[in-house]
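So that we are looking at the same thing, I have put the structure below in structure tokens.
A, B, C and D label the chains in the order they appear, each numbered from 1.
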Amino acid sequence: MAGFDKVVSSYEEAMAGLTDNMTVIAGGFGLCGIAENLIAEIKRKGTKGLTVVSNNCGVDDFGLGVLLTNRQIKKIVASYVGENAEFERQMMAGELEVELTPQGTLAEKMRAGGAGIPAFYTATGVGTPVAIGKEERSFNGRDYILEEAITGDFAIVKAWKADRYGNLVFRKTARNFNPLAASAGKITVVEVEEIVEVGELDPDQIHTPGIYVNRVIKGTFEKRIEQRTTRPADKQQVKGEL
Amino acid sequence: MALSREQIAQRVAQELKDGYYVNLGIGIPTLVANYIPSTIDVMLQSENGLLGMGPFPTEDEIDADLINAGKQTVTMATGASIFDSAESFAMIRGGHVDLTVLGAFEVDVNGNIASYMIPGKLIKGMGGAMDLVAGADNIIVTMTHASKHGVSKLLNNCTLPLTGKGCIKKVLTDLAFIEIKDGKFHLLERAPGVCVEEIVKLTEGELVVTGEIPEMQF
Amino acid sequence: MAGFDKVVSSYEEAMAGLTDNMTVIAGGFGLCGIAENLIAEIKRKGTKGLTVVSNNCGVDDFGLGVLLTNRQIKKIVASYVGENAEFERQMMAGELEVELTPQGTLAEKMRAGGAGIPAFYTATGVGTPVAIGKEERSFNGRDYILEEAITGDFAIVKAWKADRYGNLVFRKTARNFNPLAASAGKITVVEVEEIVEVGELDPDQIHTPGIYVNRVIKGTFEKRIEQRTTRPADKQQVKGEL
Amino acid sequence: MALSREQIAQRVAQELKDGYYVNLGIGIPTLVANYIPSTIDVMLQSENGLLGMGPFPTEDEIDADLINAGKQTVTMATGASIFDSAESFAMIRGGHVDLTVLGAFEVDVNGNIASYMIPGKLIKGMGGAMDLVAGADNIIVTMTHASKHGVSKLLNNCTLPLTGKGCIKKVLTDLAFIEIKDGKFHLLERAPGVCVEEIVKLTEGELVVTGEIPEMQF
């Protein structure tokens, strides 16, 4: 089915069409489930003035952080600056436009963007700086603010497996924002660990149907870990204990 | 004496009930997991998309694809489930989580909470905290009662940008367990060896003290 | 984990607490993926004045149709009357209050109810009878109407498998509205074909996490088919052909 | 001569392109699946939660858990996926479906469509039709051009309650293929052997006829 074969063979092809000042929605939570090589390709291209929508912005030298360091990002929509010193520095210095967005609102904005819902009400952020300039309205005696959907010119997504039609399966908490980003991109590019034959994925178990996906590329991943926390090998798994 | 971080976690753990789905924030709240009474079962929700968080992995078990909201490597408990971030916050925003525990810089008598930024100095971002405080009915805030310089963090009005408005009903500090209602703080318990007067002194907002205030039991 | 064991052993227990004039959200599409025995139990209980939220209302003698025939339903929120003659009769005669709701809007209302979104905007229904009495607003030059969330006192759900914690897996198109209904019930009752041990379901492949589920019961199902359409056994599967 | 149901479906199928995701409504639109050109591939979306609908099952393959939006038993094509109704309409409402084909009682020169009720007589319900017409950019409406009594169904203004407003751009009737733009009908093609005059006569709304109108090719 040539018309549905989404697989591309080079990163250049994967990110073809990305130009200055576009909006890119990126999956991932921290460094978990990020499209490492698609980010590297954006760095290589040197595309400038990007608006990046992503829960975090990587760390200084990995993930989306490399695009910050390389001054390719004009604006970030994110929930957490956290562990990225360069992000915090550029933000505090006013060199970077930052729209801090609550994590759940950010997720819902992406979903709404993909689902053709232009706006929704949420209690999240009522009475906080997030509510400034937004309509407030009461439903059943409770206050909510109006939040608008987000869509991107591109979405960059990391999945575990894909088939050639772009049907996707994610793995563990590397799923996070990825299915939402996938739905909200005009052009959705997906990097995967494995490309399987069409028909190999159980239709009941596909997380993102191929209809949302435009391009698929097989990559190899570093999968850097931010907080390597362990327990001794001789210690039994105790219920709930961390 | 003021409670240690571990003691705060231990006291919070007493509020857990069998069958609770619980979201524990970063920092002290995370420690609560270490004190779940053996007689009950709870499931931990991690807002990055995991219900049923297990303990840290052994070196052999480490999986970069399996982290918690604090970006720490974790494991899954038996019966865990994985979902995307929109589903995770649907759970939270829809009020399906039974108890949320999170930290704060300040709370006030109206149940407002500030926890994510100090203008001009520190902007971590709110992460999922705004969603958590807006979505949960049952929240316990853990924090130190006052700064190192003795400045109260339990205020008449929060001075920092809010994380949520009118949503906090319970605060556990290193000195006291406090309920917020009717625009006042109400002292429920005091840390062992801490007298009521000290708590009153370090609480800026009106603190109601009714009768004998029991010491926390551990 | 006693606190998370959702399994009940009788239908009486499964529907305990359902009283007159409550709202019941029901999963299923036509007769596919309906909670047959939970419906039968509601009939047995004789609960009256119910508001039923469901895409369809079964057929005259099966599915939710039996509650119509038995005059237990005061109001229906549905997208399609279709093949149910008694539904159409009661509606045309004004004996039944009917809120016709577009199918996608209905699905999204249930999802919103479960997700704590009180209301959202959609282009569906603009300029139609569905828009009457609803706020209309323009986003990016297009008109939308405001639709409010739905929640139910009870949700009745049919899944394929559950574990004791109420983690659910659905099968094929019997999924339909079921996960949405599950999320939107104050008390969510799920009927399944099989109850498996906790840990047997792959965490990556659970469709509805147990947090949404209050009670689980194992049932046996008739699974009646509305339109039995077939092709001759000797006919090859031709692409797309029906 | 007026097109048969099959010929209408056949002509619609010519509008399909390789790689299209297509939603076919109940009735004539469903028949389009039988005329997909062998040179291209399309995937059929069924709004009850299936992308990649296959042919009807053999007796042995029948599965009560696998139906289409018309409640007919179906099969899955290779590469199909299953999802819940909210996800299905997210696809539709979000404009991810490339082509939607559905029936109607009436359309008018402003692209309005009426298809789900005749007040006092027939209320089927809109099912997914309102979502489909509001969500899709590319819609083909299939219908008979006029009633048995010669009353046009291509109107200046729809008389029945609307399914959607200003959303229809293409109509294929048993007599003609028509485009709607600038508040007018535009005649693109005529059914084999049907003359322009007959189409004009049976079209209530203004019909623009520019130059020679070709016959449909099959």
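Note that contacts are C-beta pairs under 8 Å (C-beta built on N, C-alpha and C of every residue); 3 or more make two chains touch, one makes a residue touch a chain.
Going by UniProt, the chains are A, C = CoA transferase subunit A; B, D = CoA transferase subunit B.
Please read these numbers as outputs of a predicted model, since none were measured by experiment.
Undergrad: Could you compare the number of C-beta pairs in contact for A-B with that for B-C and name the larger?
TA: It is A-B, judged by the count of C-beta pairs in contact.
Undergrad: Quick check: how many Å separate the C-alpha centres of subunit A and subunit B?
TA: 28
Undergrad: What whole-Å value do you get for the distance between subunit A and subunit D if each is reduced to the mean of its CA atoms?
TA: Spacing between the chain centres: roughly 36 Å.
Undergrad: Could you put a whole-Å number on the gap between the CA centroids of subunit B and subunit D?
TA: For subunit B versus subunit D, the centre distance works out to 55 Å.
Undergrad: By the touch rule stated above, which residues of subunit A touch at least two different other chains?
TA: Answer for subunit A, listing residues that touch two or more other chains: 108, 111, 115-117, 122-123, 170-172, 175, 203-204.
Undergrad: Give the residues of subunit B that touch two or more other chains, as numbers and ranges in rising order.
TA: Within subunit B, the residues that touch at least two other chains are 41-42, 76, 82-83, 86, 89, 92-93, 135.
Undergrad: What is the complete set of touching chain pairs?
TA: The set of touching chain pairs is A-B, A-C, A-D, B-C, C-D.
Undergrad: Which stretch or stretches of subunit A touch subunit D in the complex?
TA: 1-4, 111, 113-117, 163, 165, 167, 183, 198-199, 201, 203-204, 206, 209-212
Undergrad: Contact residues on subunit D for subunit A in the complex?
TA: 17-21, 40-43, 45, 51-52, 76, 78-83, 86-87, 89-97, 135
Undergrad: Taking the touch rule as given, give the residues of subunit D at its contact with subunit C in the complex, in rising order.
TA: These residues of subunit D touch subunit C: 30-31, 33-34, 36, 38, 41-42, 44, 46-50, 53-60, 62-68, 70-77, 82-86, 88-89, 92-93, 112, 120, 123-131, 134-135, 161-166.
Undergrad: Which positions of subunit A touch subunit B when the two form their complex?
TA: 29-33, 55, 78-83, 88, 91-92, 100, 102-108, 110-111, 122-130, 160, 170-180, 207, 223-233, 235, 237-242
Undergrad: Flag every residue of subunit A that touches subunit C in the complex, lowest number first.
TA: 108, 112, 115-123, 139-140, 142, 144, 148, 169-172, 175, 203-205
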